[in-house]
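Dropping the structure in here first, questions after.
Note that the chains are named A, B, C and D in the order they appear, and that numbering of residues resets to 1 at the start of each chain.
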Amino acid sequence: MPTKAELAAFLAAEFPQTKVMVEAVGDGGARVRHAIGFDELRPGGSVSGPVLMAVADVGLYVALCGELGLTVDVATTNLNTNFLRMPAGDRDIIGECRLLKVGRTLIVGEVSLFSEGDDRPVAHVVGTY
Amino acid sequence: MPTKAELAAFLAAEFPQTKVMVEAVGDGGARVRHAIGFDELRPGGSVSGPVLMAVADVGLYVALCGELGLTVDVATTNLNTNFLRMPAGDRDIIGECRLLKVGRTLIVGEVSLFSEGDDRPVAHVVGTY
Amino acid sequence: MPTKAELAAFLAAEFPQTKVMVEAVGDGGARVRHAIGFDELRPGGSVSGPVLMAVADVGLYVALCGELGLTVDVATTNLNTNFLRMPAGDRDIIGECRLLKVGRTLIVGEVSLFSEGDDRPVAHVVGTY
Amino acid sequence: MPTKAELAAFLAAEFPQTKVMVEAVGDGGARVRHAIGFDELRPGGSVSGPVLMAVADVGLYVALCGELGLTVDVATTNLNTNFLRMPAGDRDIIGECRLLKVGRTLIVGEVSLFSEGDDRPVAHVVGTY
């Protein structure tokens, strides 16, 4: 299975648009990070919802590549997000990703998202592939 | 209630990060548009999921302001997205938004997303506020 | 494709536990009905959530059989429900079901649920198969 | 806060329609159980989806009463279910419930559902109140 460095290089090559960084991968999960600046903010100075959803989506994809190998041949079919608390506008977003099922035709995982340094989740995401 | 022009000006002032454009608003709904370029693409040359979710989220917000007036005092609590077809990488994304309920403590709406010129939806989103 | 009567007979034979009745099927959709009595109520005298979700789940299955023929070889993978208003405890629940996509590996549909005689939806469901 | 016995008595009095039994409650969570017989089955001999959703919905309500006290004054607004594996038709369903956020206007929790004796989840549910 790919190492963290291999996965980071793969992501940079295949998906240069994403700012998500791989922190850890393996054991059916992954931890990813997204820096927060002006572009990521929404009215009120908090992090915009689509940024949180992007971190979750890419994070689950990273976890999945950690199980199945480097692949571009998967597509998200459903993503359900619950927004729990306002994220801080001046802290990185961390995504803790865990696969719930890796089947032949169905993959399901969940992500808890945090503002760095605060252990109360700002959002919770479940995605299917 | 705000006109389309007032809403577009409000959005530009309060949420300069968004590229979503207001096309129509009123009657418990809205139509919005997002141009697609390199930044919006994902591996395979299609539009990335977070872009679709952003169009839906902002579109529902616009529909909501069309009912309640210009406000920043609402927050998305749940967003559920089903990805139905690969969007074209060279066409604008159009979001057709419709409010299902506008209550005192709960607002719910749905969005059908299209690649311009194709009437089969690329994604369907339900959001609560 | 099966008629309404064929579908009702099929449902009664294969799924005797369900109280859902087929009212109409075809054109990528279906209308179903569920009588409401003591067993279907929840605290407060309203209809319990799982009854609403059952109407939606069976209704989408009926709509799907209307497109694909009588089959037991499909399984729900995701069901997302938004509860919009308290249903009346003394009126049938009606489900208006519409398929959004019928693909080889992904089928998605939505259901609006009503208390009979009131045109404001009590719940909205999106399901994938 | 209510004990397990108080919660079980409250549930029996307020919600006699439910077959869900309280096994444990406290620490922001709950464990509940539902016996499975003919009434709970679906075509193929597995447990029907609405039964799984009912276990999750009642389980989250129990967890919530464990935090807030015995109350009937909450309503589910969103329930998102991912069906992961076919449950066995001859084993009880166990729901492990955990609250993610208990706020003034928003409560969110998740439930992992199991067939007794198998530690791979058959479904995963996220609910908001």
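The rule is simple: a contact is a pair of C-beta atoms (placed from the backbone, for glycine too) under 8 Å apart; a residue touches a chain by one contact, two chains touch by 3 or more.
Which chain is which protein? Per UniProt: A, B, C, D = Thioesterase.
Predicted, not measured: the structure shown is a model, and the values here were computed from it.
Peer 1: If you walk touching chains, what's the least steps from chain B to chain C?
Peer 2: 1
Peer 1: Pick the pair with more C-beta contacts: A-D or B-D?
Peer 2: Pair with more contacting C-beta pairs, A-D versus B-D: A-D.
Peer 1: Shared numbers divided by all numbers used: is that above or below half for chain A and chain C, i.e. same or different?
Peer 2: Here the answer is same, because the shared fraction of interface numbers exceeds one half.
Peer 1: Roughly how far is chain C from chain D, centre to centre by C-alpha average, rounded to an integer in Å?
Peer 2: Going by mean C-alpha positions, chain C sits 22 Å from chain D.
Peer 1: Find the geometric centre of each of chain B and chain D from their Cα atoms only, then give the gap between the two centres in Å, rounded to an integer.
Peer 2: 34
Peer 1: Using mean CA coordinates as chain centres, what's the chain A-chain D distance in Å?
Peer 2: 28
Peer 1: Among the residues of chain B, which ones contact at least 2 other chains?
Peer 2: Residues 77-78, 80, 82, 106, 128.
Peer 1: Okay, in this complex, where on chain C does chain D touch?
Peer 2: Chain C residues touching chain D: 14-15, 17, 38-44, 48-51, 53-54, 57, 72, 75-83, 86.
Peer 1: For chain C, which residues count as touching chain B in their complex?
Peer 2: 78, 80, 82, 84-85, 100-101, 106, 108, 110, 120-121, 124, 126, 128
Peer 1: What does chain C use to touch chain A in their complex?
Peer 2: Within the complex, chain C touches chain A at residues 77-78, 80, 105-106, 128.
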